[in-house]
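Both complexes shown next keep chain A, but they swap its partner, so chain B is in the first and chain C is in the second.
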Partner chain A sequence: MQTDTKVKVDQAQDAKGDSITILRFSGDISSTSREAVIGTYQSLSPHDHRQIVLDFSKVEYLNSSGIALVIQVLIDAAKAGQKIHISGLTPHFQKVFTMVGITRYAPLFSDETAAGAAF
Partner chain B sequence: MGPAAKKLLVLPTLVLSALVSIAYAAPPAVTMDLDGEWAYQQGDNPQWADPSFDDIGWARLGAPAFANVAAARWRDGVYWYRQRVPEPRVADLAFQMGPVDGAYEVYVNGKLIGGRGEVAPHPAWYAAREEVFRIPDNARDLSGYVVIAVRVYRGPVVTRWYAVGTDSTGHWPVLGSEAILLSDVAARREALLLDEFPGVMIALLCLVVGLVALELFRRDRTEPQHLWLGLAFVFMGFDGFLQLISSNTTAISVVPFMLIDCSVVAALQGSAVMFLGSCISRKPPFVARVLAVVFMAAIAMLGVSMALGNPALYTAVNDTNNYWLIATVLLGLAAVVRTVSTHEPNGLVMAVGVTAWEISLVWQFRILRWFPNVPTQFHAGPFTLKVSDLGIALFAVCMFYVLVGRFLRLREEREELGQEFEAARRVQELLVPQFPHGTPGYVVDTAYSPSSQVGGDFYQVLPFEDGSMLVVVGDVSGKGLKAAMLVAHIVGGLRHELSREPADVLSHLNRALLGQTDGGFVTCGCALMTQNGCVTLANAGHIYPYRNGEELEVPSGLPLGLLAESTYPETRVHFEPGDRLTFVSDGVVEARNAKGELFGFDRTRALSTKAAAEISDAARAFGQSDDITVVTICRQPA
Partner chain C sequence: MTSAPPRTAVEVRLPSRMGYEKVAMSTAASVAKLMGFSPERVEDLKTAIAEACINAIEHGNRFNESLAVDVMLFISPKTLEVRVADNGLGARVIAPPPDIDRKMHGEEPPRGLGMFLIRELVDEVEWVTSSGATGSYVRLVIRLGDPTGNPK
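Take a look at the complex of A and B:
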C-alpha cells in the first residue's frame, strides 16, 4: 500500500559557513508526490538557497513518475544556478539514478554528511 | 407496501397465533393477583426467606410499586419483599413474576423456586420479562397459606431507564395454576412479538440497504457518501436486532447490553451525520465532522454513565443530546436543500427520504416535550407502528431506490469504460506486435505484460532492406490509458523515422515528446544491429541492456521529453554468432513482493540469458507493480 510523501526542510552549514538546505523526504515518491517534491522546492527562494541536499534515506519506494519529479527539480535548479547533492539512496536507486542520467546534474552520496561536506 | 408484502407479514403472525393457542389451551383453573401489601426491606439476609421470620418491623408497599420502584426514593442494592397469602387450591401451583428490571430470586415457604439473573455477589440482570415458576410440592404445607419472599437486586441508572417499560406493563405478581399463568404470559409475549414484528422487518430492510450501499462503495471508492450511508443503515439494522435479542433472551445482561447498544447507536449517529455532511459536499464540512464526533462521544458517555451507575452524569449527558439532535436536523435540512438544488438523478427521492427520517426523529423523541398528547405510534391491524420506525422505513425505501439507480448507472458506465479499454488494448496490440518480424541472422523474442489493460511500455523491431534492424525499447513514466496514448504517439513517430542512427532516433523522439509528457518522461534504449554483427546502441535513461548475461553499460542521456538540448552518445560493440542482447523495462527490476522487496538488478541479470517469457513470468510471479517488457535478440550462427 502506498504511503504519503512527507518532506521536512532543515538548514545546515558547510565547512565554509555557507548555508545548506536539506530536504528530507520520507514515505513513497510517485506521481502523487508533485506537491511534496516540486512544491517544496519551489517554495525555496533560489537566491537564499544556493546549496541543496535532497535526502532520500527515509524513502520507502520511488517509481519512474517520482524520478521524473526529481529530474524536474534538478533541471529547474540547474537553470537557477543552484547546486544540488543527493544522499541516502539505496544501492538499487543509486544505480537507477545513474542510468537515467541524473548524475550529470547532481552527484550521489551515501549519506547527508558526505553530501554536505562535498559542496 | 404491496398486497404481496402484506401477506408476507400477516402469514407468520397467524401461524404463530395458532401455535400459541394449541400449546396453551386454557384449562379451568384459579389464579390470584398478589396486589396486597408487601413488606420490604433494603439489605440482604438469607434468614429473610424463612417463613417464620417476623417482618413486622419492615416498611409496607403496594404491588404496583413492587414492579416499578420509584428511582427517586430508591437506591440501587438488594431488597427483600415478603407477603403471606392464602394458598390457591390447585395442583399445578406456580408463581408468576412481573417484568422486573433487576435480578431476583423467589422463595416459597423458605425454598428457592426460581429466579432471573444473579443477585449477588456479582449482580447481572436482563431486560424485563415475565416469568412463571412452578412451586414444587415440597415447598407447600398444610397450613393453607404460603409465604413468598423475593430477593431483588435493583440496578442504578439502568433501573430508571427501564422503569418506563415496566410502568406500561402494570403487571404484578400472580399466584395460581401454572397452566393458566403460562397461557396468560404466552398471550402477552405473542402480543409483544407482534409489536416487535414491524421493527424486525425494518431492521432487515436497513441491513439490506446498508449492504447495498457498502457494496456500491466497494465498487467505487471515490464516493464516500455510500460508505457513510451504508454504515448508518447497517448499524440501524444491527441495533434493531440487538434490541430484539436483549428483550427476548438472556444472551446478554443489561449493563454489557447498554454498553454495546450505546456503542452501536454512537456509530450509527456518527455515520448518519457524516452521510448528511456528504450530501452537502463530497468531503463532509468541518462542522459536520465535529458534530459527528461530539454526538458519538455524548452517546458513548451515556453508556459509560450507565455502566458506572452514575445518574447525575447520565442526566447531564442526556440533556445535551437535545442540542446535538437539533444540530443534526439543521444539517439534514442543509443536505436536503443541497441535494435538491444540484438536480442529481433521484435527488428528490433522496430528499424525501432524509426529510421523512428527520421528521420522525423529532416527532418520536422530542415533540412530546411540547405536545405531550401527540401520538408516537399507530395501530395497523395486529401491529403497532412507531413514528420513528415509519420514518426509518421510508428513508430506507427511498435510499434503496436511489442506490439501485446509482448501481445500474455505475454498471453501465463500467461496461462502456471496459469496451473503451478493450478497444484501446486492441489498438495497442497492433502498435506493439506480440511476434515482431526480425531480420535474417537475428532471432527476436519478446514478452509484454501491461499491469492494466493497456500499458506504458513499448518496443519496436524495424527491419531494413539491407538486413540491418533497429530495435527500440522504452517505458513511459506512469501507466494506464494516459501512458498508452503517449505510446501510440511514440510508435507513430518511430514508424515515420527516416534515420537509422540510434542517437538521431532518440534526439528526434525527444524533440517530438517535449511538452507532451505532462511532467513525466520516457526512457528509451535503441540498438541498430547489422548483418555483420555490428551493434550501435544509444540510451535515454533506460535500464542498461544485458549482453550474454552481463550488464552492458551504455552511457545515458536524460530520458526523453525533458530537455530539448539532451544528447545521446552512441556505443558500438560487436556481436558474435550466438551472442544475446536483452532489454528489460523497469517493471522487471522493480517488481515488488508482499514484503516490499524489489526483484532487483541481480536477479534480472541472472535471468537475462533466459527466454523473454521466462524473465517476464519470474518478475510477475515475484510481484508485478508496473508494465513489464522483455526483448531479447540473439545473433544466429552463420
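Take a look at the complex of A and C:
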C-alpha cells in the first residue's frame, strides 16, 4: 500500500556560478522515508553542498511523519550553515508548511527554477 | 419538536497497517466531492483523515494488524462528519501546537504535528476516550459553505 520514496540528486548553478544541489523526491514521504530523506541529505558533504533545493513536484503523498523528516533536514542544514529552498509543493501543502512554520526557515517556491534563482 | 435530518453513512474498515490510511482518504474525498466540497476543502479533509488514521494505527492499535481502524462517514445536507475509531484508550492529552523555533533548537522533537494539522484543517474536532465498553474515536466535522467565511 505504501509507495517507496525515490530521490534523485542533481546539480545546477545559480546566476553567480555557485553550485545548487537539487533533491528531487517522488512517491510517498512518510514514516518509512527516513533513509531516503535524511540518508540522502546526510550523504551530501556540507562543505560542497551549500545551497539545496528540496523539490516535491513529483511527490504523491506526504503526511506529518514525512513533514517531520523535512524539519529534521532543516535542523541539520541550519547547524551546517546550508541554505534550503523548497519547491513544487501543491497549494494545499504550501498552506500546511506555512501553518507549521517551516517557511520561517525555508522559503517556498512554485518550481525549482524559481527556488534556484532566489539563492 | 423536529427530528434531525436523515444521515447517510459510509463505513470503511482498515487493517492497522501504515499506508492503509490512503483508503480512508480516497473514500472520504469521493464522498466530499459528491457533496460539493471545494477541491481545497477536499485536500484539507484528506490530510485530516490520514492523520487521524495514522494516530489510530500507531497509538490506538499500536500496529496490531489483528485490530481494525473503523472509519465512518455521516453525510448530512450541510456537514460531513467522520469518526475514526480504534481499540485504544484514546487521546487523554491533546498535544500543544508545534513550535517550529523549539523544534529547530532541539527543544522539542520534529514529530508531533498530527493533532495540530487535524485541528487546523477541519471545522470541528473532538477526541473521545474509551468508556471501557467501547473503543475511542476522533470525530471530525467539515461544513459546506462555512457561514463564518473561515478560509480553512
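We adopt the following convention: the second predicted complex is superposed on the first by the 119 of 119 C-alpha atoms of A that agree within 3 Å, B and C clash if a C-alpha of one lies under 4 Å from a C-alpha of the other, contacts with A are read in each partner's own complex, and residues count from 1 in each chain.
Going forward, contacts are C-beta pairs under 8 Å (C-beta built on N, C-alpha and C of every residue); 3 or more make two chains touch, one makes a residue touch a chain.
Quick caveat: nothing in here was measured; it's all calculated off a predicted structure.
When both complexes are superposed on chain A, chain B and chain C clash.
In the superposition on chain A, A:110 makes contact with neither chain B nor chain C.
By the touch criterion defined above, A:32 lies against chain C but remains apart from chain B after alignment on the C-alpha atoms of chain A. Of the two partner chains placed by the overlay, neither chain B nor chain C lies in contact with A:13.
Comparing chain C and chain B on the residues of chain A they touch gives the larger count to C.
Within the superposed three-chain model, A:72 lies in touch with chain B and with chain C [touch as defined at top]. Within the superposed three-chain model, A:42 lies out of touch with both chain B and chain C [touch as defined at top]. Overlaid on A, the two complexes show chain B and chain C touching the same residues of chain A, namely 31, 61, 63-65, 67-69, 71-72, 75, 92, 96, 99-101, 104. Interface residues of chain A, counted against chain C in their complex, comprise 1-2, 28, 30-32, 61, 63-65, 67-69, 71-72, 74-75, 78, 90-92, 96, 99-102, 104-105.
Contact residues of chain B toward chain A in the complex are 475, 477-478, 517, 519-521, 523, 539, 541-544, 556-559, 562-563, 586, 589-590, 592, 596, 598, 600-601, 625-626. Contact residues of chain C toward chain A in the complex are 17-23, 40, 43-44, 47, 50-51, 54, 98-101, 103-104, 106, 109-114, 116-117, 120. Taken in their complex, chain A has these residues touching chain B: 31, 34, 60-61, 63-65, 67-69, 71-72, 75, 92, 95-96, 98-101, 104.
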